[in-house]
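Alright, structures below, take your time with them.
Next, two complexes with chain A in common: one pairs it with chain B, the other with chain C.
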Partner chain A sequence: MNVTITFRNRRNRRNPFIPIEAEMITPDAFFNNKEICVGEGNRTVHLNELADVGIEGTASSVDEIEILIRGDASLVKRVGEYMTGGTITIEGSIGMHCGNFMSGGRIEILGSADGWLGREMQGGEILCHGDCGDYCASGYRGGRRGMRGGSVEVIGSVGDFACEHIAGGDVLIHGNTGDFACAEMKGGTVTILGDTSRVCANMSNGTCYVYGCAAEMIPTFEKRGTINHEGLLFHHFRGDVANRGNGDLYTARFTYLQ
Partner chain B sequence: MAEILLKNAYVIDPISGINGELMDIALSGSRIVEEASPKAEVIDCHGFLTLPGGIDSHTHYSGTKVNFGRYMSPEDMRAGRTARRGPMHITSGYSVPTTYGNSYRYSALGYTTLVEGAMAPLEARHTHEEFKFTPLQDSFANTLFDGNWGMLRALEDNDIKHAAAIIAWTLSAVKGFAIKLTNPGGTEAWGFGKNVSCINQTIPTFDLTPADIIKGAIRANELLHLPHSVHLHCNNLGTPGNFTCTLGTFGHVPDLNDKRQSLYATHVQFHSYGGSGWGDFCSKSEPVAKMVNLRPQIVIDMGQVMFGRTTTMTADGPMEFNLYRLHHDKWSNHDIELETGSGIIPVNYRKKNLVNSIMWAIGLELALLVENPWQCMLTTDNPNGAPFVKYPEIIALLMSKRYRDAEFATIHQDTEKRVPLPAIDRELDWHEIAVMTRAGQAKALGIIDIGKGYLSPGAEGDIAIYPLRIDDIDPSADYEKVIKGFSQTEYTIKRGRVVSRRGDAIIDGENTTFWVKPKVPAAYDMQHDTAFQELFERYYSVRMSNYPVQEEYLHRNHCIETETDL
Partner chain C sequence: MESRDVPCPFCGCLCDDVFVTVENNRIIGVENCCTLGNAKFLSKKRLKHPIMRKNGKWVEVTYEEAIDETARILSDAMRPLLYGWSGTIGEAQVVGVHLAEEIGALIDSTTSVCHNPSILAIQEVGHPGCTLGQVKNRADLVVYWGCNPIEAHPRHMSRYTTYADGYFIDNTASDRTVIVVDIRRSEGAKVADEFVQVKPGGDYLVLSALRAMVRGKSDVVPESVAGVKKVQLQRVADLMMKAKFGAVFFGLGITMSRGKYKNVRNAIELVSELNRRTKFTISAMRGHFNVYGFNEVLTWMAGYPFAVDFSRGIAFYNPGETTVIDLLERREPDACLVVASDPGAHFPKSTIEHMAAIPTVQIDPCVNATTALCQVQIPVAITGIEVAGTAYRMDGVPIRMKKVLETEFPTDQEILERIVIRIREIRADG
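Presenting the complex of A and B:
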């Protein structure tokens, strides 16, 4: 089954700046033939009021459903929340909380994603070709475990607090990260090909590779010498000692706060 | 005036001596009356169990401490969300819900009166603000005095009357209800990074021991003739082997009041631990319960622990620090000037954990081993042991040996060697449950005189009707039905109006805050005491004139004036 959702120009909406809560845009909802309703401010409206929805073919399982999102979806939140299978492709940019709690399937974003991409996800795959906002693959406010499984790849750069509380899964960031990447890390593997800052604060477990420069390294990491990883020389740190942690941080270059 | 006639109510009302009678109850205005006029709205109770409105004599549901629990646990707010519906506001939170969440959920369980377990006098304003938004329950505030410098100085000089005068001034200034001591001396020592380890150890800042503070406060309390007794959270909460400290404390309590107890010891489960460390941690509920059985001047509450996620919050700052070192999770710590402190951490009680399993057993043992139900109240020290929504499960555990055994089979396997619970066969009956959840609490709090806890004419119209026909239910076998029945009332009536119907609040409600004002002779009026004014000028961050909570600041309120012996 191919589902095409084309969001109309939001300038024609009553208030173009109100985000849309679209937790029902998942392959699962289409597979179960549910009526797709979304939240616009304090109203609940049918998706048809905001977008043109085209459905072709049938599906015998969730995995056979492909959703294509077109048009301006940069304020559409929670797309793919709790999805268990199938594919969502977003041609432009997507709003916050894309792929919350997802446990299977694949989301591909050709543009950029806003904050909380793949928060607390348990499985599946997310590929973002553009940049990503803050809290990519992290846990939510007050939560103790962020992403638990699956994989996230971001071709661009990400904002602050990327992979906060991450407890499992793989994250690959091609660009740079903001402050406090991998804060409170508890497991999983994060690879940052660009630069980062104050990385792995308070980590207790897991592995993080930084191919660029880790600026303002947290001082409570124990230096363990150098290793050779994929033909490159990395400094190996263990910590966070302040948290009695056993995490491994490998970084090509690093600077401490002057 | 609105009138209601409840027909075919199966009433258990221990204070009036009614144990299971099918009768009619008439309500006029906010009170229960002899007879209703023909205009009265008739509610047919179909023989359902009808009890006085529930009273929780120790719960943390309002105030800065609770609110800070909300601040620091946004993840808790993600649980238990309900949308706006009819007159019901939106609610969220599980262990520290929003004020409306507390109010609606308590109301669904049939509770109409709540006692905030610990209000720091300096933070009283906030507590009263939250009371206003807990509309379906009347509120009382136990006021913390464990580290009150004025009172401690007076006790140091062995001047009980002066201490009583300070208590009287503070209670009426902050609109509090009773004296609460939390880890007396220990919380004060925590302001200097220390704690006390037994009741006979002198605290660092005053020439006093916790025992002196407790004995002094009990005598001051009786001088003021306060409705409730001293409400004590003993020293050494949660440390292995602390039962000796608890027994020592109980040994110091004189019998000074013939209407009620002289000491209310709260969440005694946390104070009945044996062993010398976590390795040989075990239950000492038997000696503690035996002590309570021998001393009618003591009333305790269970402080039952139930498994699951919750938030612990207490004025006992040093204890929370120890907990923080165990759990290594988030922690909040507060110092409240000359008065007290507080600490908060979230916890998760797990069945797989031996210590947690033993704690679970101890609470039940206390309730079962204390022979007189009027001496042991049913609480979880909400939310420290568990959120109050677990009360129906606790009732079922107390009523059914079979349920206890079934639960016991699921907890840590080594628990059996450390606790006497499996050997206890007692099953409480409906009357005893009614005592432990309302009548006993009304008596212990001394609020029978203002119409709480019974259903005779003259009483407040606070009634809970549960969908239980108790003649058809064998609680020891049908414990599921007991849980279901107590989880949601058919009707909860508050001040003569139906406020909750099958779990949904149906009106916005309006509650009353009760506070005490001891009538103190002019010689003991602290308002004009120069030494007391100096204490404020020198140490407090607020002026004495800005300290009291004005009566106008409270919503609807009722002042209980007491005669004093000063």
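Presenting the complex of A and C:
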């Protein structure tokens, strides 16, 4: 089944800046033939009021559902939340919390993603061609475990607190990260091809590779010499010692704030 | 008439030993109070009538008309924001939360722009805290980190720490050690036994280093961390470990600098580490007299301490997404009610511009910077002077605010209740 959702321009709505809460845009909801409603501020409206929805063909399992999102979806939140299979392709940019808690299937974003992309995800794949906001592949406030499984790949750069509390899964960031990437890391593998800052603060476990420069290194990591990884020389650190941690941080270059 | 033990309705110290003299329903004398509190008790300027903008001009209106207009604005809005709350009592805050739930609003308090990160940190790792009475009677080591009590909480040191007599402290001057950590040599640094000057943005790194030292892992720490020499860090770590009872107080210097809640979390984890060896506590230097109270009220009513979005009928909380500055920056709210705070004086320009562009109503006794952004302002009685009720001190101790003057002005609570009733009437009429 192919579902095409084309968001209309919201210029004529009362306040075009109100975000749309669209946790029902998942392959699962379409497979179960649900009536798709979204939140616009304190009102609940039918998705048809904001977008043209076209459905073609049928599906015998959730994996046979392909959703294509077109038009401006940059304020549409929670797309793909709890999805278990199928695919969602977003032609432009997407709002916050895309792929929250997803456990299967695939999300591809051709533009950029706002904050909390793949928050607490358990499985499946996310590929974002643009940049991503803060808290990419992270956890929720006060939660102890962020992303637990699956994979996230961001071709651009990400904001602050990327992979906070990450406890499993693989993340690959081609660009740079903001401050405090991999804070409280507990498991999983994160690879940052660009530069980062205060990386792996308070980590207890897991593995992180930084191909660029780790600026303002946390001063409580133990130096373990150098290693060769994929033909490049990396400094190996273990820590965070302040947190009795046993995580591994490999970085090509690093600086301290002295 | 004289009233003893009046709590001061200004800062989070909530000093409840103020002596107020009243003559002809006017305060003519205030004793025990600091200059900040004095100014509040003695201030005379206030707005006399509700005002409303009509054709670009302010006109005086009746309470009924102002409440009617407010109710109309709020019931019409798709993403209303109710903000402020720190300068009023719990009884009024309760009505505010009911109002938010009823109209599917966003509700946030000044916590959002001060100790929001402290709360996020506490939600991650808990809060080894205690009441100020414990600190006063037991603490032989006091650490002020990123705060300036002399300017912001003028009686904190004399009532609870450095200069306060304590039950288990023989000589407060010689038996209490004071450590001040800041990015510049503030007033407080002058009374410190040890002053640690950290490079801006370096608090997190210094805290990590101290944690490692307390663990006995000094060897991993480099020779200098964020501008602080390793020898000094070791001295501070030793002082902390030698203390019988240590109390850390922190302020906006760490909550609002780079890293925000991670800084606070690291400070809490340092305190937890120290608790393996001795007794240590940590507390936030809360600003407004009842900012803590709003966190209590909203938590017992909605489960979260600030920044709650009721728009989908349930309480959703996510600082960064549902916090006042972020919402206004993204121009989401289409109506705003400000109660007992003055965002016009403190918020960034872009957010103020949005408040001015949407219908904004203020409930406040005085004309202030926010008045300029409003469509309607409703004056009320002054909480803690003309209205009694419950406020929470910075350490979470509830204190009964007193009424020392009679007034004709309605209270925050009455106005909010009338707004709720009016909204129900409007909705019933369809």
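In the analysis below, the second predicted complex is superposed on the first by the 258 of 258 C-alpha atoms of A that agree within 3 Å, B and C clash if a C-alpha of one lies under 4 Å from a C-alpha of the other, contacts with A are read in each partner's own complex, and residues count from 1 in each chain.
The rule is simple: a residue touches a chain if its C-beta (ideal position, glycine included) is under 8 Å from a C-beta of that chain, and two chains touch if they have at least 3 such contacts.
Everything quoted here is computed from the prediction, not taken from an experiment.
Chemist: Based on the superposition on chain A, does the combination of chain B and chain C result in a clash or a fit?
Modeler: On the shared chain A, the partners clash.
Chemist: Report for A:G142: first if it touches chain B alone, second if chain C alone, otherwise both or neither.
Modeler: A:G142 sits against chain B and chain C alike.
Chemist: May I ask you to decide whether A:R8 touches chain B, chain C, both, or neither, giving the answer as first, second, both or neither?
Modeler: neither
Chemist: Touching A:A201, do we find chain B (first), chain C (second), both, or neither?
Modeler: second
Chemist: Which partner chains sit in contact with A:K34 here, chain B, chain C, both or neither? Use first/second/both/neither.
Modeler: Once the two structures are laid over each other on A, A:K34 reaches no partner at all.
Chemist: Of the two partners chain B and chain C, indicate the one touching more residues belonging to chain A.
Modeler: Touching more of chain A: C.
Chemist: Go through chain A and flag every residue that touches chain B in one model and chain C in the other.
Modeler: 140-142, 144, 244
Chemist: What residues of chain B sit close enough to touch chain A in their complex?
Modeler: For chain B paired with chain A, touching residues are 72-78, 328-329.
Chemist: Touching residues of chain A toward chain B in the complex: what are they?
Modeler: Result: residues 140-144, 244 of chain A touch chain B.
Chemist: For the complex, which residues does chain A have touching chain C?
Modeler: Residue list for chain A touching chain C: 14-15, 17-19, 21, 39-44, 96, 115-116, 134-135, 140-142, 144, 179-180, 183-184, 198, 201-202, 216, 218-222, 239-244, 256-258.
Chemist: Going by the contact rule at the top, pick out the chain C residues touching chain A in the complex.
Modeler: Contact set of chain C toward chain A: 77-80, 103-105, 120, 123-124, 199, 201-202, 204-205, 208-209, 211-212, 215, 217, 220-222, 224-227, 258-259, 262, 265-266, 269, 310-312, 317-321, 330-332, 334.
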